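Since the structure comes first, as structure tokens, the remarks are kept for the end.
Labels A, B, C and D are assigned to the chains in the order they are written; within every chain, residues are numbered from 1.
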Amino acid sequence: MSRSKAEMRAIFDKVSNWGRWGKDDERGTLNYLTSQKTAVAAQLVKTGQTISCARNFPVHPGPENPTPALHHIVMGGDDPCAHGIPGMEVSLDFIGIAYHGLASSHIDALCHVFVDGKMYNGFPATEVRSTGARRNSIMAARDGICGRGVLLDIPRLRGASYVDPKQPVTPQELSDAETTQDVRVQEGDVLLVSVGRDAFREKHPPMPGDGPLLAGLSPDCIPWLFDRRIAVLGSDAVHDSTPSPDPIEDWTIPVHMCGLVAMGLHLLDNLYLADLEKACAKARRWEFLLMVAPLRVEKGTGSPVNPIAVL
Amino acid sequence: MSRSKAEMRAIFDKVSNWGRWGKDDERGTLNYLTSQKTAVAAQLVKTGQTISCARNFPVHPGPENPTPALHHIVMGGDDPCAHGIPGMEVSLDFIGIAYHGLASSHIDALCHVFVDGKMYNGFPATEVRSTGARRNSIMAARDGICGRGVLLDIPRLRGASYVDPKQPVTPQELSDAETTQDVRVQEGDVLLVSVGRDAFREKHPPMPGDGPLLAGLSPDCIPWLFDRRIAVLGSDAVHDSTPSPDPIEDWTIPVHMCGLVAMGLHLLDNLYLADLEKACAKARRWEFLLMVAPLRVEKGTGSPVNPIAVL
Amino acid sequence: MSRSKAEMRAIFDKVSNWGRWGKDDERGTLNYLTSQKTAVAAQLVKTGQTISCARNFPVHPGPENPTPALHHIVMGGDDPCAHGIPGMEVSLDFIGIAYHGLASSHIDALCHVFVDGKMYNGFPATEVRSTGARRNSIMAARDGICGRGVLLDIPRLRGASYVDPKQPVTPQELSDAETTQDVRVQEGDVLLVSVGRDAFREKHPPMPGDGPLLAGLSPDCIPWLFDRRIAVLGSDAVHDSTPSPDPIEDWTIPVHMCGLVAMGLHLLDNLYLADLEKACAKARRWEFLLMVAPLRVEKGTGSPVNPIAVL
Amino acid sequence: MSRSKAEMRAIFDKVSNWGRWGKDDERGTLNYLTSQKTAVAAQLVKTGQTISCARNFPVHPGPENPTPALHHIVMGGDDPCAHGIPGMEVSLDFIGIAYHGLASSHIDALCHVFVDGKMYNGFPATEVRSTGARRNSIMAARDGICGRGVLLDIPRLRGASYVDPKQPVTPQELSDAETTQDVRVQEGDVLLVSVGRDAFREKHPPMPGDGPLLAGLSPDCIPWLFDRRIAVLGSDAVHDSTPSPDPIEDWTIPVHMCGLVAMGLHLLDNLYLADLEKACAKARRWEFLLMVAPLRVEKGTGSPVNPIAVL
């Protein structure tokens, strides 16, 4: 359903968690994921199979990767003693990445997005200085995120291999997926919603010159996510349809804006979920232990991550 | 006990796992950490408390950090619409790091060290090209490492706050710590051996101009580690005394060399263990679920990591 | 005229300067640019107008820029005292670039290209280690290149605004441009050959998905360049037609291969020559003082540069 | 003579060029270096010897280099066809640098320093955004700086090999050097003042743990520099004594502050002048053509440079 910007503003206000955990809170919905919930989640492990939910470090240029990551060998097997220390033969490398965007599996800190010059819990955008974020940095998640993961497989629900980018996921579909998958999203969960991004690209490889085309959630899903009190939201794409088939003036990335800013909901972008989808379908079970460990960048706006599902 | 280089070579040969898992194996002792062991480890979780075992991203220069990591804000709160997309206010950053060394919490891939021009399982060092590692890259651990973590707290054993760098840890001490801590290191474990690095530096801050001074394991520990068939070894320092109080000609970093190259044992360097030590002592329990998730760098020699212990 | 690979090999051998300046020479045709010639070139200055021949630092992604350069503000006007030193307000930045390619104005060192595993003067390609170039690095030009610059304006010769990429420049055209421009290319010169790259792109902006399309010199020009004993060759494109309208098996970039490797001719790629073309046409004079100052990267394969023409 | 901060403020106001070239001027004293002066300077060339005034790209950590530059081989001679294009064997590298500081030869743009939140010509410091400098960027010098270079060799004046860091250079010494060297600093010149930094370090290598120790100009020199209407000021150190033997409250780097901000005087830091000193002494001539070519970083706060003196 097409939304006006006034309606989006109303949704934003309705799903706001500002002040819920105190005026200085920087953790947002991570507060729902208590130690107790972590302990319960650990009990979900059955086979012990570990599945990565990340893409490879995105060093290759491409339509969805205009600023590729850097991976440089600093010392290789052709000169392993170059450091000059006798009795030591090593290889060394360097990695560099501006991980926000469409190519890298990463987590957004709550300072990554602003609405009208404010971030989660009302801190001014200017608290993200040229020298780093003074509020809402990724350090909010420095001890890791370890909880109950739930995968809602929307392509499976639709009987297709992917979600058509022109048909964003609806809240009714989130509930229907729960039903068909016999799983219920609960407070403190790390919810992964799959849109079959990679299956889409296999069927529809980008033509030379194509821009990005990623399926996403309808903004209508935002209240659903709020009501379920999830701790973190993840996707194999970027949550927001990119581009939107139904753009809303001033609200280019509504899920990011309402999620990160209003709800204080950390987001996992560009995950790789095809392996997890297969494993869950095979086990007929879509809940598991999920672990996400951001790098501890003191004033960072997020981090590349490799979330691990344990079945 | 001081070792000759011939003795070190004999140890190296004795702890070799080359061929144990086939001539093309690149996972080494990760093979000990089966799904079954992961499932059993998940049962260790009691309170659900999560504790990071990593240091902050090492951006500050220092005696142990001559090539600091890079953290640059690419777009901050003073120019959040610079990308030109209306209705989108964001902050973005870039991180870069050559993570090997003494400052960054990271995992060494099996291609990081060579002995006589060969890496684990006999692959030539030249397989680590200027363009990346063709063998034994960090992709061996791409699905994460999730297993039983055991912390052997050696300062606690010694009744001190840190291990004196001139008195490396002995294998007898590893066994004694097991006894006093009532925990036994088993096949497939992720073993963390603490030397109280940070407590040492608190008591003995580096004087201007001091070089590094890190306590480590005596090379005599190497057969002990081999016999226990651990999957991964971690430390709050770098395993090898740096510098060694008892250097062995041609064997500058014996634990690294015998571990990574002979045993195929992945190593976690420069962890931060002070918080974990306290929590374990309080709970009087030194086993826990431990999860390590390297970034999936396709030809990488390792990765910065933030290992998470779940108690 | 279409060349076979045997013919290319013959040209390569014919234009070889290996051994001409001794078996250890790493400067190649820079040897032609003597102090004496520099002094004579300084006399060419008339008005003193300085014109940059470089493009802006290529930070914007694009079809010809798949791995853009990095420019990050490290400390900006919103936090100028972050360094903690009282009485000091500063802004700081970081630049990073892998400058080879089609986007950055740069100079190629003689170690940048190999033919059959050898670089200029027969040094093995393996002398360019993962740790840097041990031979033929950019340090050969560390004291700058300051000499007589000559611009051959081929679009002007053809009465067009650009060279059609399907009609590479011929040696006869190089001579004809000399005639119509009343200038003669001499030993020790820095020769700039303009193909109107930017005018071409203005008329023919790349369609979404287009690959690169750059006009260049026919391989037939190679003996002409050798005979004139120029010191350096520059272009607003990359010398070699990209892609070639007449590819030669095994010789993808013949001018680079014969130039850098056989002749020891340093190359300037991706210059911006439109301003220089205009100024020369206005003054009716196509010779000037030209200065190129590579960064002194000790084992570098080249450098970003901003060549300055002084009229 | 020790200055109070009120006196420094008075000097600052006295040497201000704000508004001299219009309220929107961003070039400052570069305006003194006209084409005419460039043409005259070219006539200074006698032997044509070119001498680099730069240090090597600072990749090695050290006391004066806490954040070393990056130089990474991206593709080396051990894998020159890794790009997959047949018939092309290449080596490629990457460089990265945060060049401000004490180690890199670089030019400061006028936006590099602020006094009381303002840069040259009164633009607010906040015009240097997290996304780059909107005013007074290095693009003011994009067409290169090519003019009369004058070297004042202060160690030579003092009959020593270096200037004692505890005895900053006085304005009387600048005039005396002119006399003994029979050269007069004129409007539009690029003035290089040598303090023998490298000779000092040869005699007094830093002890482990030493901080920086660089000789500089007394703040009393500032009016002298203003009166002479020089275009650019260069040094083999950083102009300001570091640390100052006579610190002035609120004025940590007075030459930088009065130079860049009040006068609009571009600065060249950390040059290497030992070779130029020798050549000038041998020729008994301390004026020459000098060329500086910053990289064209569109919103940069400066650039690494390799200034070339042509004798």
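Quick note on the criterion: contacts are C-beta pairs under 8 Å (C-beta built on N, C-alpha and C of every residue); 3 or more make two chains touch, one makes a residue touch a chain.
Quick caveat: nothing in here was measured; it's all calculated off a predicted structure.
Trainee: I need the common contact partners of subunit A and subunit B, sorted by label.
Mentor: Expected: C, D.
Trainee: Do subunit B and subunit C face each other with the same patch, meaning over half of the contact numbers show up on both, or with different patches?
Mentor: same
Trainee: In angstrom, rounded to a whole number, how far apart do the mean CA points of subunit B and subunit C lie?
Mentor: That gives a centre separation of 46 Å.
Trainee: Let me have the rounded angstrom distance from the C-alpha centre of subunit A over to the C-alpha centre of subunit C, please.
Mentor: The answer is 44 Å.
Trainee: Which residues belonging to subunit C are in contact with no fewer than two other chains?
Mentor: Each of 70, 73-74, 76-78, 94, 96, 126, 129-131 in subunit C touches at least two other chains.
Trainee: Residue numbers of subunit A touching subunit B in their complex, please.
Mentor: The touching residues are 34-43, 45-52, 54-57, 59, 70-71, 73-74, 76-78, 80, 85-100, 111-117, 124-133, 142-146, 249-253, 289, 291-308, 310.
Trainee: Within their complex, state which residues of subunit D touch subunit A.
Mentor: Checking each residue of subunit D against subunit A gives 70, 72-74, 76-78, 94, 129-130.
Trainee: Any idea which subunit D residues touch subunit B in the complex?
Mentor: Answer in residue numbers: 61, 66-68, 70, 73-79, 82, 96, 126, 129-131, 207-211.
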